[in-house]
Each structure stands twice: as C-alpha cells, then as structure tokens.
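The data blocks that follow each hold one structure.
One chain, chain A, appears in both complexes that follow, with chain B as partner in the first and chain C in the second.
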Partner chain A sequence: MTEFKAFSKMKELMTNYYIEAKTTKEKPIAWITSGAPVEFLFAMDIIPIYPENYAAMCAASHQSVELMEAAEQAGFSQDICAYARTDFGADITQGGPAAGLPPPHFLLCSTNICKTVIKWYEVVARKYNVPLFIVDTPFLHEGLNKDLIDYTVTQFRDLEDFLSEFIGRPFDRDRFYEVLALSQEAAEHWRRMLYLGKTVPSPFNSLDSFIHLGPIVTLRGTKECVDYYKLLYEEVAERAEKKIGSIPEERYRVLWDNLPVWFKMRRLERFFEEKKCTLVVTTYANSWGGMSNYQVEEEGDPYELLAASYLDVYINWGFEERIKYLAQLMDEFCLTGFVMHSNRSCKPYSVGMYRLQEEVSKLTARPGVVIEADQNDPRIYSDAQVETRLEAFIESMDSI
Partner chain B sequence: MVDDDFANGWRIVSKGELQVEDLVEGVTEFLFNPAPCCCIYNPENDRHPYLVDKVKGAEADGVLFWYIKFCEPDAFDRPQLMGRLKEEDIPSATIDVELSMTTFDAVKTRINAFCEILEG
Partner chain C sequence: MGYYAGIDVGSLTADAVLIDEDGKIASYAVLPTGNNSQKAGTEAFEATLAQAGLNEGDVARVVSTGYSRARVREAQGSKTEIACHAKGGLYLFPDVGTIIDIGGQDSKAILVGREGRVINFAMNDKCAAGTGRFLEVMASALDVGLDKMGDLAFESQEELTISSICTVFAESEVVSLISQGKAPADISMAVSRAIARRTTGLAARVGVTDTVVMTGGVAKNRAVVKLLSEDIGHSIKVPDEPQIVGALGAAIIAREGDGG
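Right after this comes the complex of A and B.
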C-alpha cells in the first residue's frame, strides 16, 4: 500500500471505536448496513456496528474461510453472500478479529446496497430476538424523482419515532442537524481525496482507498471522522502537487468496478505495480463520497436531501445511469481501461456485468475486462485464472 | 406427500381472489397473505409458526426442504426454520436441486434415507 502518515491515525480511530463498542455498558448497539442513514443513530448516542465492515476485516486478515465453514456447517448455503456467511460464522464461533461483534440491541438495514440485507438481518433479528427497522430505498430504474424521495422521507420519520420509543426520549433534532453537517463534511473530504486521482501520476491507488474506507463507512457523522479525512486529503494533496505517484512508473490507469477481493489485496497490488498499472478510481469507494454528501445549509428540507443522497448511489442505479457514469469516470480520470470484478457474493453489483463491459468499451473506445472472483471467499478464487485475464487485458491497452 | 409450501404450489393456491375495489390494498393483501413467502418481509405473518402449524395440521411426520439454486431468500431462511422444527421434534432434511440437473439418483437416495428415518 502507499505509505500514508494518516494510516496510524486510522488504526487508532478504528481500534478505539471497536473497544468502545465491545466494552460500553451505557450506549445501545445497533447493527447497521453500510448504506443505511447512520446519522439518526449518532443523534441518539447509539453505537453503529457494521457487520459488512467486520466481514471484510476477517477476509483481509485471512480468517474468513474457517468462519464461513462454521456457517456452512450450521446449514447456510455456499450460494449466499460471503459477508453474511463470514459474520454468521464469527457469531457462531465468537471468532475473527476482536472475537466477534458486540451483540445488537436492534438492527437498522437499508436496501440501497442490496436486497440480500433484509434476509441477512432477519436471521440476526431472530437469533438475538431484537427489532429490525428496514429503510426501503427503491431501485432507481429511471433516475431519482420526488415520489421516491417522499417515500423514503416518510420512513425517516418512522425511524425517528422508532428510535425515540426504543431509547425512551424524544428524537434529538438539534443534535441530528449537527451530525448531518459532520457527516457531509467527512464525505466531502473523502470525495475530494478520491478525485485527486485525476492527477497523473495518481498519488494513491484504489487498494489504498479500500483500506482507508473504514472510518467513512463506520464513523461518518463524528468529528473524529472529519478530522481524519481532512488529514488524509491534505497528505494526498501534497503528493499530488509534488507529482509523487503511488507506483514508481505509471503507464496504465484503470478503473475498478465492484468490491475489492479482500483476501488478495497484497498480491493484486504487487501484480498491478509490476505491470506499471495504477487502479485509479472505483465505483465502490466513490459511493461514500456521495452518501450524506449535500450542503446542509442549502435551502431545502434536510430530510429530502438526505433521502436523495441515500437513494442516489451507484449500486442502486439502473444500467443506463451506470454506463453513463462509468464512461464519465473513464474520461475525467484519463483512464486507459477498466476492470470489472464479477463478484459471486454481490449479485446486484455483478448482474449484467458482461453487457456493461461491452457498452462502456464501445462508448469510450477503451478496453475492459471482467474477472470472476468473490469479495470474501478464497475457495472460489484462482490466481492463475484472474492474472492471465488481467495480463491479456493490460497488453490490450494503449499506455498513457 | 401430504402437504406442500411451494411458492408455485400452496402459497399460490391458498390466495383468494384479488380484491379490485381498492387495487393497492388488494394487491398488498394478495402478496402478503395468507401464506408467508421468504421473498416478502412480513414479521406479522412469520414463517416459523406458520410452518409448524401446517405440519401439525397435515399430520405430517417430517418436512423435506427443496432448495433450488440460487434462491437466496430461501437459503437464508432454511437453517433457522429447520432448527425450529427440531425444537418441535419434527424431523427435516434438505434436497439441493439445480434447474439444469438431469440425473436424480442422489436425490432419490436422500429421500429414501429420510423416509427410513421417519419409519424409525
């Protein structure tokens, strides 16, 4: 990974966050999906816990296989999302980093990232006998409209009532607005940092952004999160200004679509570096530059703005929008090609991917490749197969 | 086989006529009731007590789960459903099926083994 001074700060932040979550006696714990409106929880002093983030940590530290096997032993099919299986396994064995997650008092799930989370959280709700609140965010087949925003806002109001009843005091709207502002500020630092990838050579690579995602997913809405991304932005901006690239010699610049292959980060990093290829931008990391990111002081109902920002995310878009966005990133970041990870675990991200590749290639006149892999399950990953495809793809690109 | 809970079996057959006076209400009612489906989240119509009641009502000795790849909603539900049946002393087993399967010998063996368990 590119060496950033901010990295130690992130480790400290994430460690403190997990220690508080594991040891707190006062604060309620809510398990929450990565695309759910966490701001409502921080406004009520509830600690959000992200099973997805935890599952990724398990895979990155090469612990996911034994956990998934424990879940499969308990009857969960290998066909279901590997994040869910990893978490079920950690729950059954109390294994994984920090020996599993603190038990939830309730669950908050939003369908803007996938519909699978409903089933996943139903299993958790039944296991722990806790309430499950679902924010149903409709898929944007043909863009965002007022009806979809209104529908989502009504659920935010219900969520406030739910939290108020659960905690036993009125929903703290003043605190909520403060949290919204912090959330927006952190997301904006993150977005600006990611867009520094437009610099040639790119001052960071996407494997770095996957690693530095932790706080924007788990802690957006806190002051610590803002401070961290400000620090990271400044460090990356300095590198961009001095034209320090993430790899010694950058000949190819590519986009990565879909989640990372968490258990192959190091190997893929070495592979791309040897080929003088930088992964510059990803649709995945970009998503958290959009969620919660709007001007709070702008005229307009903050609830509507928040609803729009949570609905309007890449994985919740129809094909036309995805194609346009991918082509736009290809141009804005001066890319020579793109890599699409057909991810067995993440069906909504992967379905139709070969068609997307064809369309984006046609539109941009640049090559793309689809690799078959999984975000968390090394048992279905083949180094030779993936790397052979990537090699052929890199050879087909024109260098910068 | 004395009863079923297939999505294209009892779950459809058990539905009444679609009420058209208030179409939105009618469609909602039609989707959510009476048989709960793994694809629809409705805690007020829980699959667990529903299935236990259905087994008892049909005086069935056990339950065979018929998992067709890649029905993720069903795959998520099944382990806990089987656990619930076990609590009620109702034996159950799973058969994995792919739509592209052409030989069913393994399935037959599994069903035979399950029947032997039921016969005690």
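Right after this comes the complex of A and C.
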C-alpha cells in the first residue's frame, strides 16, 4: 500500500461513521446498496449503512469464511454472492468487525449493480420486518435514453413520498440540493485523483484506490467526504508532480476489471510490485467517479441528471459500451495490458468476460488475462493457479 | 564446458534437463513428485548430474518452472510453464505455432511466436476438468495403469459418453458404467474423448496453426492425442518425452541468461 498521510484521516472518518450509526438514538438507519441514490437519505437526516462495504471489511480482515459458513448452515446457497452470505452470517452470529451492523428501520435498494440485491434485501426486510424501497434501474442494453431516465425519475418522486411519510415531515428539497452538490464535489475529487494515474509512473495503484474507496461509497453527500477527497487528491497530485511512483520500478501498467479480491490484497500487492507491474486503473473504483458526478447548476432538471448518473454505471452497461470504455482506458492511461477478475460472486460483472478479453485485446493489440477468483470467498481461491496465470500474462506483455 | 539446467516440479512429476553450452541435451530425468516437492526437484536435478557424470559446480545457471517453481532450492531464477513449454517446444520443433500442454493440474494452449515468445495463451478455468488429474482419477476408478489407458481405449467396441465435465461427477459416472458391466476399453475411450473435447475449446481460443505440438504427461496417452487431433482437424506432433519439455525450456532460458 502506498503510504498516504490521508490514510489515518480515512480510518478516523470511517470509525466515527460506524460509531455514530451504532450508537445513535435519534437518527433512523437505512441499509442501502452501493449504487443507490443516497442523496435522498442525507436530505432527510437518515444514516445510510452499506452491507456491501461491511462485507468487504469482513473479508479484508479475514473474517468472511466463518460468517459465510454460518449463512450456509442456515440454508443459503454457496452460489449466492459472497457479500450477501457474509452479511447474512454476520447478522446471524452478530460477528464480524464491531459485532455486526446496527439494525435497519427501512431498506433502500437499487438494481443498477445487480439483481441479487432484490432477493438479498427481501430477506433482510422479512427478518427485521421493515419496509423495502426498490429503485429499479433497467440494464442499459443499448445505452441511455429518455424513457429510462423518466422511468427512474418517477421512482425518485415515489421515494420522496415514501421518505416523507416514513419520517413524518415533508421532503426537504433545499437540503437535498445541498447534498447533491456535496456528492458531486466529492465524486469529482475522487475522479480527478483516479485520473492522476495517467502519470507515468503512476503515483498510486488500484489497491490503494480500493482501500480509499470507503468514504466515497458510504459518505458521499457529506462535507467530510468532500474534505477527505480534496486532501487525498492534493497528496496524490503532489506525488504525481514529483513523479513518485507507487512502486520502486514501473515496467508494466495494467487495468484491473471487476471487484478486488479483498482477502488477498497484501499478497497481490507484493506480487505485482515484485513483477514491476502497477495496477493503474480499475473499472470498479472508477464507478464512484461517475455516480452523482454532474454539474448541479447545469441546465436541466437535477432529478434527470441524477437518474442518468445512477443508470449510467459500468456494471449496468451492455457489452459494446464496456468494450469501448475498456479500450479507451487502455489508451488514455498508457497501459500495457489488462487483468480481468472473473468473480464467482458477481455474475453481472463477470458474464461474457472471455469475449470482452478477446475484443479488447484485438482492439488495443495488447494482452489481457482472465483469472478466476472471488471478492470475498477464500475457499475457492488458489494462489498458485491465479499467480501462474498472472505471471504468464506479465511474461507475454511488452514493457513501457 | 558450462552446463545449464531446468527443473520442472509439477503435481505428478519432477523433471530436470541438463543442456551443454551449445544447447545440446546432456541428460534428463522424470521422477514422481511425491509429497515433498522441494526434495523431488533436488532428486531430479541430482539424477541428471549423475547421468552426465557432473557436479553441481559444473552447472552455470538453473531455472525452475512448474507449480512448485518457487520452492526449487537450486534455481537462481524461475519462469512459468507457459514460457518454458513455448521455448522447449520450439527447440524440438522449430516450426511450432501452437502448443497444447496437458499436465496434472492444468491444461493450456499456447500460441508461439518468433524465438519462442508467447503471443497468447489460454488455460483451463479453476476446476480440474480436462486436466491430467482427471485421467488419473479415472484410471484409478478403472484400476488400470495410467500408461495403459491409451492403448486400452483403442480396443473399444462400443461408444459410451461421459456427459459430466466435473471430475467428481465424471468419476461417479465411470463407477456406474463399471457396475453396469461396461468394458473398461469403452470407458477408457469415453474418458479420453471427454478430455479431448475440453481441450479443443482451449486450442480454438488461441488458434490452430500449421504445426501443432502436444506436450505434458497426457501427450503419452495415444487415444487422447488421436481424438484431439480429429477434433481440431489437424495433425499433432508429440515429442519422445513430452513430460520434459517444460524443464527443457527452463534450461534453454537459463542458457539465455534469462529467468530473473
């Protein structure tokens, strides 16, 4: 991990966030998916809790296996996303970091990341006997269009009504617009930071961005989040300016597609550093540079802009868009190759990967490799298998 | 005269090859890996030294490969099997374009470019379907020696199919075929066909070129080679000792001073 001064700040932010969520008496708690329009919650002073983020923390601290086993014993299939299984297990055993999540008063789920979350949140809704609001964001088979935006905006209006009824006061538009602006500002700092990866050598690596992702996922829409990413941006910009790379010698620059392997972060980091290879950019971390990121003052209805930004995310795109985007990143970031993590948990992210690999390789004339792993389940991971494939890929790549 | 060695420690066998300054093979060894991969690598290396009447001091550089490449004590560098099979395959067949290597844990297809450079490769996914391990399990279910499986298949009279690609499920299919009184020869043929079919997909992904070479232990199974060749619609060349190609490639890389 690259040493950033901002790191301790982030730990403090995340700890305070969880402490407040676990101890609050006044504020309602909503469990929410990572791609849901959280701005509506902050506008009504509701604390959003992200089970996905929590599940990742469990895996990164090597606690996911026992939690998943508890879920499997309770009858959940091994084929369900490991995030869901980890959270079910934490809920059943009240285990995991900080002994589980604070119970929800209601749930907000959006399908722009996957359809698993519908069933997942239905299970939680039944267990806690709380309402579930689903924002249905259709898959963009052929790009964004007005109908899809209108369809989503209607649901935003319903969400406002739901919240206002649930909380017992009118929806606070003024506060909502403030939150939108904060959200946008944080996302823009994050995006600019990620794009500093274009510098050769890259001042940070994707394993850093996976770690620094916490606040943009969980706190976007708050002032603290803006301050944090401004700080991080400045620190990274200074490194970029001075041409300080994230590893001592950078000979290869690659893209990482899909979620990280949370329980192998350190080992993979050492592996790539030894091979003089920087993971420069990831479609995953980039997603939060796009969501909520548009000019609020811009012409147009903020609701439509918000809808567009939540629909228009990588994991909600069809093949052609993904291919174009990957090829564009390969060029913009001067990459020598790309790694695709075929993630057993995350089907919508991994489906069609071999075709993507072939097409992107052809378009860019640079090699790519597909590795089979999982973001949270170490039981299906094999160091030797993954590393042999990665090593052979690096051997076959032209250096910069 | 300086010598160079390659040591390939895989799941089933530990192989070593010694070459001399001019790149000529001086000796080689294929030994079972057993449960101590480090020791197996050492033993294979020592066997080649003994055969050639040399000492470790006569060897200028050693490169390791195979799944246990990081645990080979004698090696100064290591390379993946993919790079090594490409080099070794090119040495034996200078016009090679496609290499199909099926070892114990992995099956792979490699597209080889000039000077043995890997242009593209495809490997089996996580599971053991289509690897040599699959054959090992089926041979033991049939109670037939690995080295007999191929010849036995050629005596097949009746066409059977094994529909599952999962090693565990396929094994129970084989067990049930045995209990139905099906002939071992027919079952052996069905097993070979299952492997060949899995591998065809890999070969297609990297491309079938004018010269296709098959390496790794499974190349010793004549039935698999024949069926695979029918499936890809192209003849397949097999070296005399397909299992040493990885170690040979590693020795060549050692001689080139590479394998950092």
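Please note the rule applied: the second predicted complex is superposed on the first by the 400 of 400 C-alpha atoms of A that agree within 3 Å, B and C clash if a C-alpha of one lies under 4 Å from a C-alpha of the other, contacts with A are read in each partner's own complex, and residues count from 1 in each chain.
As a working rule, contacts are C-beta pairs under 8 Å (C-beta built on N, C-alpha and C of every residue); 3 or more make two chains touch, one makes a residue touch a chain.
Just so it is clear, the model here is predicted, and its values are computed rather than measured.
A.B. asks: A:106 contacts which: chain B (first), chain C (second), both, neither?
C.D. replies: neither
A.B. asks: Go through the superposed model and pick first if A:395 touches only chain B, second if only chain C, both, or neither.
C.D. replies: second
A.B. asks: Tell me which partner A:54 touches in the superposition: chain B (first), chain C (second), both or neither.
C.D. replies: In the superposition, A:54 touches no partner, neither chain B nor chain C.
A.B. asks: When the two structures are overlaid on chain A, which partner does A:120 contact: first (chain B), second (chain C), both, or neither?
C.D. replies: first
A.B. asks: Looking at the overlay, what does A:75 touch: chain B (first), chain C (second), both, or neither?
C.D. replies: A:75: touches chain B, not chain C.
A.B. asks: Under the stated touch criterion, which partner chain does A:382 make contact with: chain B (first), chain C (second), both, or neither?
C.D. replies: The second partner, chain C, only.
A.B. asks: With the two structures laid over each other on chain A, which partner does A:372 touch: chain B (first), chain C (second), both, or neither?
C.D. replies: Touch status of A:372: second partner only.
A.B. asks: Write out the stretch or stretches of chain A touching chain B in their complex.
C.D. replies: 74-77, 79-81, 84, 116, 118-120, 122-123, 126-127, 132, 134, 347
A.B. asks: Which positions of chain C touch chain A when the two form their complex?
C.D. replies: Where chain C meets chain A, its residues are 67, 79-83, 105-106, 117-121, 123, 125-126, 205.
A.B. asks: Which of the residues in chain B end up touching chain A in this complex?
C.D. replies: 38, 41, 43, 48, 67, 69-70, 72-73, 75-80, 82, 94
A.B. asks: What part of chain A is in contact with chain C in the complex they form?
C.D. replies: My answer: residues 342, 354, 358, 361, 367, 372, 380, 382, 384-385, 388-389, 391-392, 395-396.
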